[in-house]
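See below for the structure under consideration.
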Amino acid sequence: MLQIKNLDVYYGGFQALSNIGLEAENGQIVSILGANGAGKSTLLKTIAGLLKARSGTIHFEEKKIDHLESHDIVNLGLALVPEGRKIFGSLTVLENLLMGSYAARARKSKRENLENVFQLFPHLKERTDQMGINLSGGEQQMLAIGRALMSQPRLIIFDEISLGLSPMVVKMLYETIRRINQERVTVMLVEQDVKRSLKTADMAYILQEGKVCLNGNPKHFTEEEVKQAYFGL
Amino acid sequence: MTSNRIRLIIIVLCLIVLITLPLWASRYIVSVLLLIYLYMTVASMWNLLAGYSGLISLGQQMFIGIGGYTLAVLSIYYGVPIFLGVLSGGVISVILAVLISRPVFRMKGVYFAIGTWIIAEALGISFSNWGYVRYGMGLFIQPAYKLSMSSIYYAAMILGVGSIALVYLLLRSNLGLALMAIRDDDMASEAMGVNIFRCKLTCFLISAFVTGLAAGVLYLNTIFIQPFEAFGIGWTVKLLFIVIIGGLGTVEGPILGAVIFVLLQQFLSEYVGFNLIILGTITILTIFFAPKGVIGTFHEIFLVELFPIRRQ
Amino acid sequence: MNGILLGGLYAVIGIGLSMIFGIMKQVNLAHGELMILSSYFSLVFIQLIGLHPLLTLFFVFPAMFILGYLLQGFVFNRVLGKGMEPYLMISFGLSIILQNALLLVFTPDARSLKTGLIIQTLDVYGLFHVPVIYLVDFAGGVLTIGFLHLFMKRTYLGRAIRASADDLSASKLMGINIKKIYALATGIAALTAAMSGVLVGMTFTFYPHSGTQYLIIAFGVVIIGGMGSLPGTFLGGLILGISQLVGAQLIGPGFQLLSGYLILLIVLTIRPQGLLGRK
């Protein structure tokens, strides 16, 4: 479903990612881990088209997307729930969700999708007229996820969704992710919470200083290997 | 020979040519160069503000108006000797600058630009409603009739060369270091004890003074001053053109820009009305394709500067 | 009273500027000229076809929208992401080009869009006379702002514009093409310029250089009311309208503009973000 080969990404003169190779298959949950600054967010932003790679390729469902603009990538069925949620503060909950179905492919079925989102997050249904900026952290995260779901993605990427949230909320979010995955949506996760991440994922990639250090089925990782890949100890 | 020697020789040669100009060149050439000096002066002052201090002012014309009118009023009504009148123009301009500095410096970025523009417009309206300066009809600066072209030329030359030298020395001084630091990162520089307000204020006052002087000489040349023209936005349009084409933030930029501008003016004087349109279009195109201006792009490609301001 | 009605007109003048600042964080110095350009467009249609000025809007609206859209698309989008200075200077250059082009084509004569309304006044409770034309202006103002508000609230495009003002990268992730949205926003701003241009043309005489004074009025409105705020702009319009007429009454007709300028300068100094503006 998603294939990344030899990806190099630079911030000006600084090389943030070197020779990244990654594959996500249909229906999988793929986890991306690494210490702060290892390049996880950079990778996600590049996949979503917010950053451009200097070399390498990204293929989504056999289509080359590395040269496309974000708005075109979303239209192909790839959604990103960005780091820091980034909901639209001056728009209401409902308007935020409607923005999710801005992409042409999702407009027609917006009522259905809205219903689905409200089923997943009944909390949001009660707050449709509240302004985004007035929601709590957890509610904002739900809104961000709901918004991404509104675009009917076949691949959805979550960037650090547990940041600043209580364990209970995080548990609920991860259950939701599993449910989303059960609807045959491929999921990619970037997480700080290593344990939870490895438990949920089918495949994991650990980044260190912009390179893939360890990858494979996390159930086969040893603690030693993980520590090594994470911190280089 | 070291590159510094070469630079020095080039500069000295140019100066010799320029100083002796009235002796061998035609009246027309003298008058053209005169204009070039004056535009160069005002432009390098604008450049000091916009290119180095980060203050984009759309109201420099207020000093042109004030400088010009001071000269006019003093020499016509009080018989003040001409060049003292010019000097006073500069002084009154600084006073104006000081008066407005408090409020104006509280405005940041685009607000500063608009604020300065409005002040200039307000002054224009005020002067055109003021009987003392003959309302919108303007003043004829009679005492300037008896001046020779050469004396005006030399006055302009002193200003032109002087302003470039001034900017150069300023930028090589501590003030210049501070300005460049502010330009790069103003929070960090503040942490190092750089008083941003004072630096910018100094530049603002200097530019006001020099612009006021230049205005005086300018109106010695044109002899006739009117409020809407003197305080008009047209000045800023021309300055913008000169500095952008020449190169924002370079010392030589205003020189080249002024040369191009004055020559273009002469060439386009036949097509009245079109000239500002063409100026505007060229300016926009330059911003698209060569945002650093001729000199700026030259610096980038050839890495050579006539007036180097970085310490070596 | 007249000041309040005038304020409605002023609000429309300012709303275009406020939009662009709220959405793109840029200031279009050519906004005044776009207005006056609309006035001249209207004039052309009146002279060609003999329409009532308000009806010329049928032609002027689309013309200005396309102009605004193309301007953003081909000119301003080129310097996207390069900060405030390029946009400012380009818009400044544009305003000069437009001013002088108008000067060349239409000569410096005073013009106005003639309607019978300019002479008619309305007797309100026998207390004061209100020029009908001011009522038309006010109505135009309210209608325009009303439409704008509805558009922003109820349509996908309107929401997309608001979203991109909130968060640029999140908007991209929603499938919003930022370049197109900006072009659209500028087109809409041009529409408001068209509306205000025609109204102004009907109410006052205009010259090719009138753009500057209306730009400053637009700034006044936006700065007093607050950049990026719809109700704020309306409020700003009212305040400016009232203060201008009061100034004219107190000091003299030549000072109408001046008193507006003074108020503007004061607000700029004390509270640049305006009464209801967002920082």
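Here the chain labels run A, B and C in written order, and each chain numbers its own residues starting at 1.
As a convention for this text, a residue touches a chain if its C-beta (ideal position, glycine included) is under 8 Å from a C-beta of that chain, and two chains touch if they have at least 3 such contacts.
Predicted, not measured: the structure shown is a model, and the values here were computed from it.
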Each chain counted as touching subunit A and subunit C at once: none
Chain pair, most C-beta pairs within the contact cut-off: B-C
Per-chain CA centroid nearest to the all-protein CA mean: C
Chain centre separation (subunit A, subunit C; CA means) in Å: 42
Averaged-CA centre spacing for the pair subunit B and subunit A, given as whole angstrom: 55
Where subunit B and subunit C are represented by their mean Cα positions, the distance between them in whole Å: 32
Parts of subunit C lying in touch with subunit A, wherever the complex brings them together: 156, 159-160, 162-163, 165-167, 169-178
Subunit B contact footprint on subunit C (complex, rising order): 27, 75, 78-79, 82, 84-86, 88-90, 92-94, 96-97, 99-101, 103-104, 212, 216, 219, 223, 254-255, 257-258, 261-262, 264-265, 268-269, 272
Complex contacts: residues of subunit B adjacent to subunit C: 56, 58, 103-104, 106-111, 113-115, 117-119, 121-122, 125-126, 129, 233, 237, 240, 244, 273-274, 276-277, 279-281, 283-284, 287-288, 291
Interface residues, subunit A side, partner subunit C - complex: 48-50, 69-71, 74-75, 79-80, 82, 86-91, 95, 98-100, 102-104, 107, 147-148, 151
